[in-house]
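Shared between the two complexes below is subunit A, which has subunit B as its partner in the first and subunit C in the second.
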Partner chain A sequence: MPANPQGQVAVPDHKRWGADRGPVLKLGKYLAIAKINLHQAIVYRSNVLGGLLFYALFIFVFFSLWRAIYHGGEVQGYSLRQVVWYLCITELLVFGCRTPVFTQMNEDIKTGALAYQLIRPCHYVAYQFAGAVGRMVFNLVCFGILAVVLGMVMVGPLPDYALTKLPLGILSACLGLVINFFLLMCLGLTAFRLEENGAFYLVYQKLVFMLGMFIPLEFLPGWLQRIARWLPFPYVAWAPARLLVAFSWPLFWQILPLQVFWAAIAIGLSLLLYRQGMRGLQANGG
Partner chain B sequence: MSNGHKLHSIFTLIGLYFRVNLASAMEYRSAFMLQVFGMVLSNGSFVFFWWVAFSQIGARIGGYDFTDVMFIWAVTSSAFGTANILFANMNHISRLIISGELDTFLLQPKSVLTSVLCARTSLSAWGDLLYGFLLIALTQGADGRAWLMFFCGLVIGALLMTAVAVTAHTLTFYVGDASTLAGMSVEFIVNFCIYPKGIYAGWVQVLMATLIPATFMVHLPLQLARQFDLLLFAGLLAASAAYCSLAGFFFYRGLRRYESGNLIVTRL
Partner chain C sequence: MNMIEAYDLSKTYRTRVRGEGLAASARAMFRPVYREVLAVQSIDLVVPPGEIVAFIGPNGAGKSTTIKMMTGILRPNSGSIRVLGLDPVRERSNLSYHIGTVFGQKSQLWFHLPPTDSFTLLGRIYDVAPGVLKKRIAMLTERFELGALLDVPVRKMSLGQRIRCEVAASLLHEPEILFLDEPTIGLDVVVKQAIRELIRDLNQEKGTTIFLTSHDAGDVEHVCRRAIVIDHGRIVLDQPVKKLKYDYLNRKIIAVRFTEKHDLKTLPGIEVQKTGGLGSRLLVDTRIRPIGEVMSWLVGSGAVADITVEDPPMEEIIATIFSSQDEGGA
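The block that comes next holds the complex of A and B.
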């Protein structure tokens, strides 16, 4: 690996954003990476079975809990049926489509395995994202089917559901997954500076759980809701689940720009952290 | 050897393993503290969930009020912590059987099952143990009966959790790798312990009193903490002892089917 006089690894041209190749060729490269990961997920499909069982258990436990909580009627605008579908969706996005990017980044950086990844003719961050997309597509299909089955069996379909709004909810879900992935990548990239960064991950995970995954944001006290809406965490699970179970145009136009904003911040921050981390990277043989 | 001597020997062995494992954990103090802190924080977030749930819904969910839910959470957390501090190797029995690493334990002049279970500890489990104590102190105050039943639940829960894991891993002797099933069995128990019993349908409650003994681990201790009944307490102890004895019996029956891998293993 070429190193500059300070012993730092020189970043090859193809690692810089916007360098040389045309955008179509670049996209094709990352699509191929996503395809390989999707293929791998399909080949090792039995790995997903345990996750599916856990998913079903979580949904069953929460279904039992919310059924006991609801004595009829609505809580904060949600009916029991909507809450159960809401949980099916949030669990699908956070648990079903979970990505090991944090542990992967930590391992790559701490063990020095990152040096081997840099030889590949692609940007490291984009490479990780493309790989995660491939795996997520498979998980989304498997857990998505189970989510629909469980929702239908436990509470039945949502009354008067407008299927035409479904693509907009799916768009919001994709943005939620992007925000989640890049925020986790930012946390993983802190390994360039901090040896022990596991606490950040735990705190992040709990914030996502509490601000939308386990309970809709509307159930929180007013002051907390106001704070939470300024943070990125509810836009991972709450926003898409809310749009998917109770779509409204005003809410959509309120949520979508914020999701795009947080996705851009998370992507920008991860690129910045990666760039700064690469400046200080020293790879010693191997 | 009389039963009394046997028990004394087992407790001495557990104590020795505990001291060695603790000394080993203390070599990495900062990692230890971080894991303990992380686990307390992680568990603490669920208090927030229940606080929101109760503030939205009112006084009782599934027959439990907020302090009842905190009690079952405290017992579950501390029981899980104790089981994983003392018997963390319960999660690795299938791997030991498959890889032939049980040989090392068979050669030791003490109880095989105790040696296997105690050979490993979990650092983060101290966080679970500590969290239970914090929760009880904060939510039950100076209620002596609650504290007493918390300690009973902690011991019974830790033993039952271990017994379930051992039973599930023992299936590896009969049907091949049962590690996924065993991992799930512990997850199932934890999940059925941390929510009010009353939220579940009748058939699930039957499961919780038989195959998944969550009722004995937390729900009966809670009932006894609120209204003590000597007969019920004796029944709880008897059922727990029977469950643990069955797990031990099942393990040793399974052990007869074990075939050595002739693997040379060094234990440091």
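The block that comes next holds the complex of A and C.
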């Protein structure tokens, strides 16, 4: 074989600009991917209008519902104000920041479009995540502003709110978004093996909806709460929303490690499913 | 060193067989039945640097499978393959820095954004230094005449404009090998010719090795120096395009329409394939009768309303190759 002793081609220096220069440049590559997605989202900003309208309507309907149910006081530690803000936040995280990752994975795998992504020097899973981050930044800003406006108009600010704890709540929200994204990616990646995997998506959506997005976990019966806390779903919406409306240090130290744990599991599982799927793809084609 | 070296390369797919009826489906849930499909059978392929190869064959012949093995997307079942001395599957990421790809049917540009944005992103993905990238973009813009297009969102471009941007995008990282899969599909004649010239020049100026698949005999004739024909996963012909041209690409199809009813007499080298009403379809052997001669003969025969000259479809050419191969083998 007429290659050099390492079995590699001699590469001209100007083409090795980033390949050998460590993780910082690698990160730069993915930042560029996030940036172009953000750019495209801004160019097509009118896309977001329908979502904003639906968001406002949804919040208003549930605000009316909670107002009718509450007669002053608290329910399971949540005041009316808190529960409305809670809803604004969970809807922001799950509905406002939704990404088409599941459908995208499904489509890429089933149509074989994945192959075209493989001939580029970047990791497919990381590429998808970077792209989602770019789009999410835009949606977070749009829906975030609307969430704050709606909360202020309907129930006003939370009394004695500790703004210093806000960054910790935001950290938890970011982890929630990561968990949600990678769990959806895992579900999408099952398309490597299964032809019909839409049911997973539906079940997942419903679980996230019932275990935290729609009502606080504390409103559920005790036995269901205990089961739910062992599952990843409440850590998508319930955990950050709870920390954002009623922060407490003990709860924070209870929630954060679990969020990190589930994020790690979801990321690890995505990478594993991807690698396995790739092996199958390389062996059997698209 | 050769750019591509493949010896005794084979690829078998396993596809799931679906039986008919409920019972078969239920059985398949527990014990799936597979069928083996031989996509590529023991092909040998050596491409030296600077070559322009046309890789042609009917649909399902194994073209895509072979390209996918060369780019590391598919793992061969047996045989050996080296592209630029690298093992494509094991060293896919490393190899990706050295190959460019254009798939006529699949865009690598961001649909809603101007091509500049896609160029910048691709430059980052391929780790091209910003200064170098700027120069590359400027050079490609000039060479591909993209100046007026740089700020236009891709979705507003014509197909021809888009393909020019696609080819430019695939060259940002100066690949040593360029894989082109049906690059001229759907383009009109003038644009096709422009793309072909660009590819030829690229090969002459930069020495880029080009591996092109196409259904268009014109692509093969005008761009490539060597043609490899594949069918049923086997290479059936591997020869210089000059020879292929002499043997097989010497026919043109002329569609002619007269303003009044007319009888065409056949001449040696001209076969009337179809005639009806005012129009006729002729198959011309240009070795016997050059196109110019046919034209003046047609014009002399009556008042011509319309004439088009086309290459016979690739399927027909391949069919001719096969029939002559069979004769040769018999």
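Criterion: the second predicted complex is superposed on the first by the 260 of 286 C-alpha atoms of A that agree within 3 Å, B and C clash if a C-alpha of one lies under 4 Å from a C-alpha of the other, contacts with A are read in each partner's own complex, and residues count from 1 in each chain.
Keep this in mind: a contact is a pair of C-beta atoms (placed from the backbone, for glycine too) under 8 Å apart; a residue touches a chain by one contact, two chains touch by 3 or more.
The structure displayed is predicted, hence computed values, not measured ones.
S.K.: Between subunit B and subunit C, whom does A:A68 touch in the aligned arrangement: first, second, both, or neither?
M.R.: In the superposition, A:A68 contacts subunit B only.
S.K.: Kindly classify A:R135 by the partners it touches after superposition: subunit B alone (first), subunit C alone (second), both, or neither?
M.R.: neither
S.K.: For A:E196, using the defined touch cut-off, is the partner it touches subunit B, subunit C, both, or neither? Pick first, second, both or neither.
M.R.: Only subunit B is touched by A:E196; subunit C is not.
S.K.: Any idea whether subunit B or subunit C touches more of subunit A?
M.R.: Ranking subunit B and subunit C by residues of subunit A touched puts C first.
S.K.: Where does A:R242 make contact in the superposed view: on subunit B (first), on subunit C (second), on both, or on neither?
M.R.: neither
S.K.: So, does A:K29 touch the first partner subunit B, the second partner subunit C, both, or neither?
M.R.: Touch status of A:K29: second partner only.
S.K.: Considering only the defined contacts, which subunit A positions touch subunit B in the complex?
M.R.: For subunit A paired with subunit B, touching residues are 50, 53-54, 57-58, 61, 64-65, 67-69, 75-76, 196, 198-199, 202-203, 205-206, 209-210, 214-215, 219-221.
S.K.: For the complex, which residues does subunit C have touching subunit A?
M.R.: 1-2, 5, 13-15, 39, 65, 68, 71-75, 82, 84-87, 89, 91-94, 96-99, 101, 103, 106, 108, 110, 112-113, 117-118, 120-121, 124-129, 132, 153, 173-174, 176
S.K.: Residues of subunit A touching subunit C in their complex?
M.R.: For subunit A paired with subunit C, touching residues are 1-4, 7-9, 11, 14-19, 25, 28-29, 32-33, 36, 39-40, 43-44, 113, 115-116, 118-122, 281-285.
S.K.: Touching residues of subunit B toward subunit A in the complex: what are they?
M.R.: The contact residues of subunit B facing subunit A are 30-31, 34-35, 37-38, 41-42, 45, 48-49, 52-53, 55-57, 61-62, 180, 183-184, 187-188, 191-192, 195-196, 198-201, 204.
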